[in-house]
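Following this line, the structures themselves.
You will see two complexes here that share subunit A, one where it goes with subunit B and one where it goes with subunit C.
And now, the complex of A and B:
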């Protein structure tokens, strides 16, 4: 790590530091005979200290003005954990009340926690519990939007999760393109650990045959496991019990989705957010996954050192100011 | 012979000077005699230091004290019919502050007015020595007025040069010189040498300064007494009584 400088020419002015060292001190009080004044070590060292402080002040100001910085650098990090793509449903249906809370009136929609809020709470708890993983965040409704690429900075992920918690979603829910986009994130990436697409959705979507085949192929090719945290709607039928029923169930598209995912050859798990243990189970499940060390190049941003210089200048200037405030204008006992 | 006043016969035991009218006038019925003084003219010279250190204003303006002293002395000399001369010196003899021997009634007042307006700027007091060397050999009463903020070597040489005269060293002192502020930071400059110092003022330094000033006064007194002289200290103001005490005390 070495220091670099934006405006090196400013340093040409550094000889100005000699001015306070060589200049005669300015005097404000006339005293008739210095030979009467006793020798005083403390005063002499104060004089020297003031000169040094002034010189240091000029030096630190010039250094600060020259704009020193530690340049951006790449650091190789070795992390351990899974690579997880969080796939968050941001469709309109997620603004509806969450099914896992008691209610009296079916039509009453206010004052209830929305499915989106529950989803974000669950996500943020999940991320908080598994800090060593790498995360990416995608939101989707009609089209998937990549919010964050794979990163091990959980602060950024948490911030991204919280930041999405505003406004209302769009009407469309295209789970298929969401999963495809999430899976494609792993395209042409070295396989360094378990890969997981974590879908958080109420599953209000249907997939046509082509999409289903595309999804199944991609998941297999990139060796991605699919976990679905199911956020149930109010009054929706139980998702698991419907496996044996008709494939095209108009009343509960989530069932269809679940049934399709079950046919996948890649690992698939479903967790119901209504179940208080679902989150713990999901975390435990991820813990069980195989994980290899993840090598990643991390970009350390350029760091500004000028601030430090100016802080030093401020401290020195305050010391000079204090002495100036203590300074006598008149010789009065 | 000059009439000075009346005194009782006991204080001035010379019955030839018996004064009938004065004795009758005396409420206590004492016998009064006239007292006469012998007139002996002696030139009175003032050798005054007007270097820059005299211009520093503390509790007093030394130049004002010098002016008061000069005016009073010139008036006394005039009253006694003595000749009066003044020489103001810094690094040289100041021609604008030179008053040759005179019997003028107003010479002292004019010189005092000059001194009050003067802003001293001389870098040293070497002119005093020149003036002493140029002084005529005829014995005179010389008042050497200064704050004596110069080297002892110069003072010794000066006193040696003035040895033929009756010298009265008048030491002008400013009370502020010994009184340092208790706390603070002071950057001081010596107006004569231009030397500067930064001081961290605190009680211990103030105490040491007080001692240093007292030691300087002691050194000056010792130096004067080695020439058989007794200095007259005027602190902050001209005190006519102090002058009288110096001569009669």
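And now, the complex of A and C:
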């Protein structure tokens, strides 16, 4: 950390410090015979001290006026919370209406909230409720796209979620590669806090064996918990129920996926966005995850030091003022 | 005995001058501020990440940077130059659309996030190997428009679009049947930054580790537009209405679509259609200068610290205080020199 200066030319005036050193003694007091004046060491040294204080006063004022500052720098911050990778589905199907709303007429569909809008609203609330966490955001469709690095800047996270409201979804859903990319974000990162991949998706997938093993291995190796906020489509069968009936799996890939996640050895939870309490439950669940101090880099903005200089000036000036008030102006009454 | 109070050579006296200086310093320490208006900027940077942006012919003074890498440097430079309070969002263009990564956020507080994400923008983010520049540009304009309506502040600070591309359309477009711009020209302000060299260069073919493993050949790409190729579903070679098919084979043979250069004329045309400005990019500094033009800035009140004004007055007071004493000393000394003692 080093000091920098905005207006260095002001420091060219520093020789003005010499002015008080050259000045004649403050008060001239007429006295009949100088030779009769007793020598007073205390007064002499006070005189020197006053001149030095005056010089210091000029110097500190000039330094303050030159605009000194400590430049912006990166610091490591330690906070408490989880590291969460948000994995948001941006496939075209997320533009379809959300299932958890009553409807009378199929043709009214266009007025309904889309699954994507519901997903982003839930995410936004989640992030707003857990501000001390660090977030990264990945969207996925046919392939994952990272849109935000791991950060605790709430503005940026909300801005990345907002971006999801611009433009239509991309193409298909590839949940598998999405989860792999989300988990890989933790590769080569020190384990500094609980890790969570939060999947927000409407779709299931029938992942092949290699992908399933890859996902299970990665989650385990990087110690990442997986939460899935399921955004149901219209008329989609209930995801949790009847998991045992294999024939249903053909029509509900979400169940197949849920069943696979349930076999994971790492922590897994599913929340259905249709359930009004789902969000609160999910937030509470994350609270229960082990909370370790997380380390993060942050940029400390520049800090001006001028105020400090002026404070020093004020202290010196007060000393001068005190002496001035106490000082003798007349030798005798 | 009456004291001739010679030492008070300043009207009001030493004490009042010192008191005044003290008061001024106290005022200065209370951080007096004034609300001034300051120029701030709002940008959505769209980076073309299609294949042709991997050609290494960009950068100032003949440095051979990949076009995308140079585009990233340009945005990075602009970010550093943007005054605090400005906002920047990032987007990528590939296939036929602009894909917004995040909406504009304040640049100083979020500098680290924006620049980290900028560094991660990479050709491998693409989800389809097409480069329909015109459609991508139109969708960029649409993106900025949507952002304006989402912001809900009455469009007081609508972002400007900065679309950074080489203008290389793949597959090529037919000049007569170009994609139409359906918006109102000039409704969304912004500019197209043209990136790339003037000499057609081969487009590298990269592997997953970003290494060049070859170059696109003449037969690997579509050399003429789809209209000229005729209807794919009917008899081979059947021409579309308004297309003269006689020279198609010859045009294919002569085609240079596997080579890429900065298509300035085309970008000029797109800029004219959409009411954007076209900016040929030379250096980073020049880019930041053109971008941060007061004409496109919005005004935002900002608290300006005026602590230096009372501090300066205090300094002048002290200068008079000490200076007068020094001057008196000097005068006396000079007087002694001039008139020898009797």
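The definition used in the following text is that the second predicted complex is superposed on the first by the 221 of 333 C-alpha atoms of A that agree within 3 Å, B and C clash if a C-alpha of one lies under 4 Å from a C-alpha of the other, contacts with A are read in each partner's own complex, and residues count from 1 in each chain.
The definition used in the following text is that a residue touches a chain if its C-beta (ideal position, glycine included) is under 8 Å from a C-beta of that chain, and two chains touch if they have at least 3 such contacts.
Note that the structure is a prediction, hence the values are computed from the model and not measured.
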Exercise. Looking at the overlay, what does A:154 touch: subunit B (first), subunit C (second), both, or neither?
Worked result: neither
For this session: For A:46, select first, second, both or neither according to whether it touches subunit B, subunit C, the two together, or no partner.
Result: first
Problem set entry | Residue contacts with subunit A in the superposition, subunit B compared against subunit C | C
Exercise. In the superposed arrangement, which partner chain does A:124 touch: subunit B (first), subunit C (second), both, or neither?
Worked result: neither
Exercise. So, A:64: does it touch subunit B (first), subunit C (second), both, or neither?
Worked result: second
For this session: Please indicate which partner A:326 is in contact with in the superposed arrangement: first for subunit B, second for subunit C, both, or neither.
Result: first
Exercise. In the superposed arrangement, does A:96 touch subunit B (first), subunit C (second), both or neither?
Worked result: neither
Problem set entry | Which of subunit B and subunit C A:38 touches, first, second, both or neither | first
Exercise. If you lay the two complexes on top of each other, which residues of subunit A touch subunit B in one and subunit C in the other?
Worked result: 24, 26-28, 30
Exercise. In their complex, what parts of subunit C are in touch with subunit A?
Worked result: 1, 3-4, 6-7, 14-15, 18-19, 21-22, 25-26, 28-29, 31, 89, 92, 97-106, 108-114, 116-117, 120, 125, 127-128, 139, 142-143, 146-147, 150, 305, 307-308, 311-312, 314-315, 318-319, 322-323, 325-326, 328-330, 332
Exercise. Which bits of subunit A are touching subunit B when the two form their complex?
Worked result: 24-38, 40, 42-43, 46-47, 50, 323, 326-328, 331-333
For this session: Quick one: which bits of subunit A touch subunit C in the complex? Just the residue numbers, please.
Result: 16, 19-20, 22-24, 26-28, 30, 54, 57-58, 61-62, 64-65, 67, 74, 137, 141-143, 145-149, 151, 153, 155-156, 159-160, 162-163, 165-167, 170-171, 297-299, 301, 304, 306-307, 310-311, 313-314, 317-318, 320-321, 324-325, 330
For this session: Within their complex, state which residues of subunit B touch subunit A.
Result: 53-54, 56, 58, 147, 149, 174, 176-177, 179-193, 195-202, 205-206, 208-209, 211-213, 216
